[in-house]
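Following this line, the structures themselves.
Here come two complexes built around chain A, the first alongside chain B, the second alongside chain C.
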Partner chain A sequence: MPRGLAWLLLALVLVALPHGLSFSQQEILVFLTINVLLVASYRLLTLTGEWSLGHVVIMGVGAYASALLSKRLGIYVPVAMLLGAGVAALVAYILSFPLFRMKGFYFLIGSFAAGEVIRLLWKRFRDPFGGPKGLKRIEGMPDLDLGVYALDFFEPITYYYFAAAVVAFCLWIMWRIERSPVGLTFHAIHWQDKLAEASGVNVRAYRTRAFVLASGFAGFSGALLAHYIGTINPNSFDVEQMVFVLTWAIVGGTATFYGPILGCIVLTVLNEIVLREMGFEQMRPLVYGLIMILSVLFLPKGLESVVQRVLSARKTG
Partner chain B sequence: MAELLVQTGLNALYAAAYMSLIAVGLVLIFGVMGIINFAHGELFMLGAYVVVALYADFQVPYVLVAALGLVFVGCVGVAMEWAMFRRLRDNPLGGLVASIGFLMILQALVSMGFGVRMAHVPPVTQEVIIFSERVRLPVQRLIVILAAIGFLTALWAFLTKTRFGWALRASAQDQEAAALQGISINQTAGIAMFIGASLAGIAGALTAPLISVNPHMGHSVIVAAFIVIIVGGVGSLEGAVLAAVIYAFVHTFVTTFADGVIADVVGLLLMLVVLIIKPTGLFGTADRA
Partner chain C sequence: MIVKFIKDGISRRRFLGSTASLAGLSALSAGLPGAALAAGKVVKIGFLAPLTGPVAAWGKPGLDGCQIWAEWVNNAGGIKIGGEGHKVEFIGYDNEYDPAKARAGATKLIREDGVKFVMMLGGDTWPGAQPVADKTGMLFSTLLPSDLGPDTSTLIAPAEVHPIYNVTGVEWLAETKPDLKTAVMCAQDDALGLPSVATYLAAFEAAGIQMQGDPLLFDPATTDFAPVVTKLLSTNPQIVCLDTCYSDYVHPITEQLFQQGFKGQIISCTADFYDQMIAKTSKEFMEGFIFQFPDFDDPALNASNINFQNPNGFFEEYNKRHPGEWGAVSWEYASIMDLWKAAAEKADSVEPDAVLAAMTKSGKGDHAFGRADWWGKDLFGIDHALVGDWPVVAIEGGKARIKGFKSIPDWYAKHGELLKKHMAAYGQMWNQRG
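Up next, the complex of A and B:
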């Protein structure tokens, strides 16, 4: 099948998808779309070999910043979203100074601590962050009048189309970054950081670059979330959410661009739709935990390895 | 004022006692297997629920219950090693994810068995040692402090005086070299997992009458334990104990004189500062990261 046709087919499926779903499933679809951006940005961060546990808090920084900018200063929502992404990238840049003194396990826990400090500050300072209850009545996307058709972004379907388009664009940018010389340097640092350094690559600067870029996209996904659900609080960005992102990435596999996205979609569909429909409400975490263990035991290279095997079998056979 | 300081010091000592039990177990597991056991807080929770099940519901003698808690949680640890960690030894991220999955299973099982709400544990002893009008030490807290000292001394003796202890330290230092000397990696990993888990279990069993017992109580414990093992330097048992004492004192004093959230922030900042000044922790060496 030619490539162009495959993409067209995928686009058609994505456009048709929400019409076959119930209202609550449509809402899940919106969250899923936002999470795809989040987990893809997480992979961008892990390209240089460092795993962060603060990524969801950075997403929250984007959400809080965008919500406050539109609420307090009355900035037009789409502009506030972009500014929120900028603030998240800026915070990440500042955090990179202490964090990139660490490596490996220390970086993992250090990023967790830094994120937790930010989250506790949201909790502690009622003004302007709203304390434990967080921010409420965040401006939604303003209605868009196209003349023939007025778009109401309170509708999950409409917001889904908006988010899907924006997320697709972001994914394309990330894909281009990975394929650029900068992205190839990220890979080099991941696999051979000493060699890269010896070849004159400023490893620290490239790690910072990956971290800041990934944080910008994460912040944008946070802004997309904030202006959709309209209320955010410190617990929306706690370590439990981070654990979900981490497991999406690891269960999906991080060797390919689509691995984490695949993990996110498969696990969300399993957790939110299959297990819910089967009436496992109370046992959901149990089954989900079991799936996590089984997948790392029996699919150590992630779901992407299955896809790769199928693709290569088709090519040779 | 002096009395308040002494009282806060006693509270801090109690916190340091159970924190060091938990942190030492976590360090031991990481040292021998290279796996970050995210489910360690849930092992602590499991220890507390052994007390809920046997002592609060069936009035089995408390000492017996505590011993059972230690053995039971230790066996859960061995089961984790056998079922998951053994197969994931060269895959630290996989080990992390598996332990997170196990954590969710334990939480779900306990929630289904006992309900998600706080479980009531009747006090084991109502006695309080009264030093002065405002300096008091409940005996249950004294038990925790003494037990922690006892268990940590026993662990130290085990690690330095017995052949199993030597084997354990050898495989924590260099697994391949240890295997070449005829040390069974699977056996030492099992022992390390039993000790690490049972220390978390006994900490849960001893503190159960003093704290609110619920299926999600492991979360705050694991956060503090991570701070402690990072400040101490990952892989260093002495560092973990020292850092547990430092952290407990800082956290307790800030909680008393400011508030709990500020104390959490200060604790995390303490860790960040240590990491910035010495990125391998107080007692850590560079190659153990």
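Up next, the complex of A and C:
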């Protein structure tokens, strides 16, 4: 199938998709779309070989910043979202100074500690962050009056289209970054950082660049979330959520651009739709955990390896 | 729908009507059981609470209690509306104590399942469901009145006025053990812990009990409570107050108090699964432990002013089905249903606005522990909390026993300003939130 036709088909499916879902599944679709951006941004960070435990907190920085900018300063929500992403990127840049004095496991632990410091600041300072209860009644996307029609962004379908368009654009940028010389340098640093350094690459600067870019996109996903559900609190961005992001990335695989996205989609659909519909409401963590163990045992290279096998079989066949 | 025709916007009734029609249409077309149940006069009630995860202890036992309640009511002919019996069916949705999932769950329960009333634990999850409540006008209940506010007129707190009832335990303690004059307190630093801290501070001040230092607020992620307890005991207090800690904290803290040789008085909002705490410490150590949630086999609950139907039988049936799982919320959601059923029958309708009007019309309601007032404007900005007497419970010989009932409104009439002062200091007044 020609590539252009495949993309067109995918776009049509994504446009038609919510109309085949129930109301609550549409809600889940919105959260799934936002999480796709989060997990894809996480992969961008891992391109240089560093895994962070603070990515969800950075998402929260974007959420808090965007919510506060719109609540306190009355900034138009889409602009506040962009600024929220910018604040997340800025915080990541500041954090990069201490964090990139570390590598590997130490970076992982350092990022966790930095994330916890940020979370504790949200809890400690009730003004402006709302303390443990967080922020409520965050402005939603304002309704858009098109004359004949009005777009009501409270409705999940409407917000899904908005979020999907934004996420698609962000994914395209991330794809372009990965394919650019900058992205190739990220890969080089991942696999041969000493060699890259010997070749004149400023490894720390490139790691910072990946961290800041990924954080900007994560911040945007946080802003999308905050202005949809209308409330955020420090627990929304705790280590438990981070474990979900890691799980999506590991189960999906991080070798390809689509691996973590695939992991996020499959596991979310499994947990939020399939298991609920099958009546495993209260046993979901058990079944979900079991399926994860099985997938790691039998698909150690992630779900992306299945896709790759199918694609290579089609090529050779 | 992605688009809506503008000009007059969309009303709550129209919103509910259109979505309920869609839900009904899809059920009919698919031949789902829901369609058959509708023909059999069934009223669906939503149960939107954490059924898994760390807060599940305050959700799942409530759903289990509601299932017993529904069986009893259905066997007795159901809810009488328009001269006909309507059976009650509970539809649960596990929100995992996550506001995003609370929103998805509220949407499902209202727009797909067509429920007429939604019960929640509240707390962090209520703000997620709040826009759905505002949009649909659905009647919601919460166990945490700190969710109440004048912005949402369809949220009620009819079972417990957490944390205000905690004043009754301190008041009883001051009356029966007047020699206890010093206290320390610890709590998790979250939406449940902080208003409770403010309440206990007011109660201790009103009782003339001196706090030995500021309350020790620990992070909810804490797992090692040895240093917390060591710090608490460093001032040699007579009373240790465990605030409204989750049972995951109450148990290890109590265990640490035992191990570190504390000999004084313990007071706590809850003591869920206290038999396990006794097993980890000793019957002697736990003797006199004060909390606020009785076992329903207590003879004191057979008094004529108690409105909960057959509490002893309920407790027995609950323990038969779910041995060892009785907790603070096992009866609470069922007691809300008693109130809702009475209001629905009075209104001769299950529609949310009619039930709410019937429930609050006289300004009084039949709370599980007796006749009570719809109250709360001072603290919550709206009189949607049902407040009356509350039991003080102590462990005696390894068993929880009600020591007496104390009136919350009477305490508030005397010490309301103290409570407001401490609530304001912790940013817990309705106009300080979010």
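Observations on the model:
The rule we apply is simple: the second predicted complex is superposed on the first by the 317 of 317 C-alpha atoms of A that agree within 3 Å, B and C clash if a C-alpha of one lies under 4 Å from a C-alpha of the other, contacts with A are read in each partner's own complex, and residues count from 1 in each chain.
The working rule: a residue touches a chain if its C-beta (ideal position, glycine included) is under 8 Å from a C-beta of that chain, and two chains touch if they have at least 3 such contacts.
Everything numeric here is computed off the predicted structure, so don't read it as measured data.
Superposition note: with chain A as the common reference, chain B and chain C are in steric clash. When the two structures are aligned on the shared chain, A:98 is found in touch with chain B, with no touch to chain C. When the two structures are aligned on the shared chain, A:233 is found in touch with chain C, with no touch to chain B.
Looking at the shared chain after the overlay, A:243 reaches chain B, while chain C stays out of its contact range.
Shared-chain residue A:282: touches chain B and chain C both.
Within the superposed three-chain model, A:45 lies out of touch with both chain B and chain C [touch as defined at top].
By the touch criterion defined above, A:264 reaches neither chain B nor chain C. Contacts of A:58 after superposition on the shared chain: neither chain B nor chain C is touched.
Judged by the touch definition given at the top, the superposed model places A:112 against chain B, while chain C stays out of reach. In the superposition on chain A, no contact is made by A:170 with either chain B or chain C.
After superposition on chain A, the stretch of chain C whose C-alpha atoms clash with chain B is 278-286, while the remaining options among 188-196, 206-214, 278-286 or 296-304 stay clear.
Once both structures are placed on chain A, chain A residues 120, 123, 239, 282, 284-285 are touched by chain B and, in the other complex, by chain C.
Against chain B, in their complex, chain A makes its touches with residues 51, 98, 101-106, 108-110, 112-114, 116-117, 120-121, 123-124, 239, 243, 246-247, 250-251, 282-286, 288-293, 296-297, 300. Of all residues in chain A, only 22-24, 27-28, 31, 120, 123, 126, 130-137, 140, 145, 148-152, 154-158, 161, 225, 229-233, 235-236, 238-239, 272, 276, 281-282, 284-285 touch chain C in the complex they form. Touching chain A in their complex are the following residues of chain B: 36, 84, 87-88, 91-98, 100-105, 107-109, 111-112, 219, 223, 226-227, 230, 234, 261-262, 264-265, 268-269, 271-272, 275-276, 279-281, 289.
Within the complex, the chain C residues that touch chain A are 1-6, 10, 19, 26, 51-53, 60, 92-94, 97-100, 103-105, 107-108, 111-112, 124, 127-128, 130-131, 135, 151, 189-191, 193-194, 219-221, 427, 433-434.
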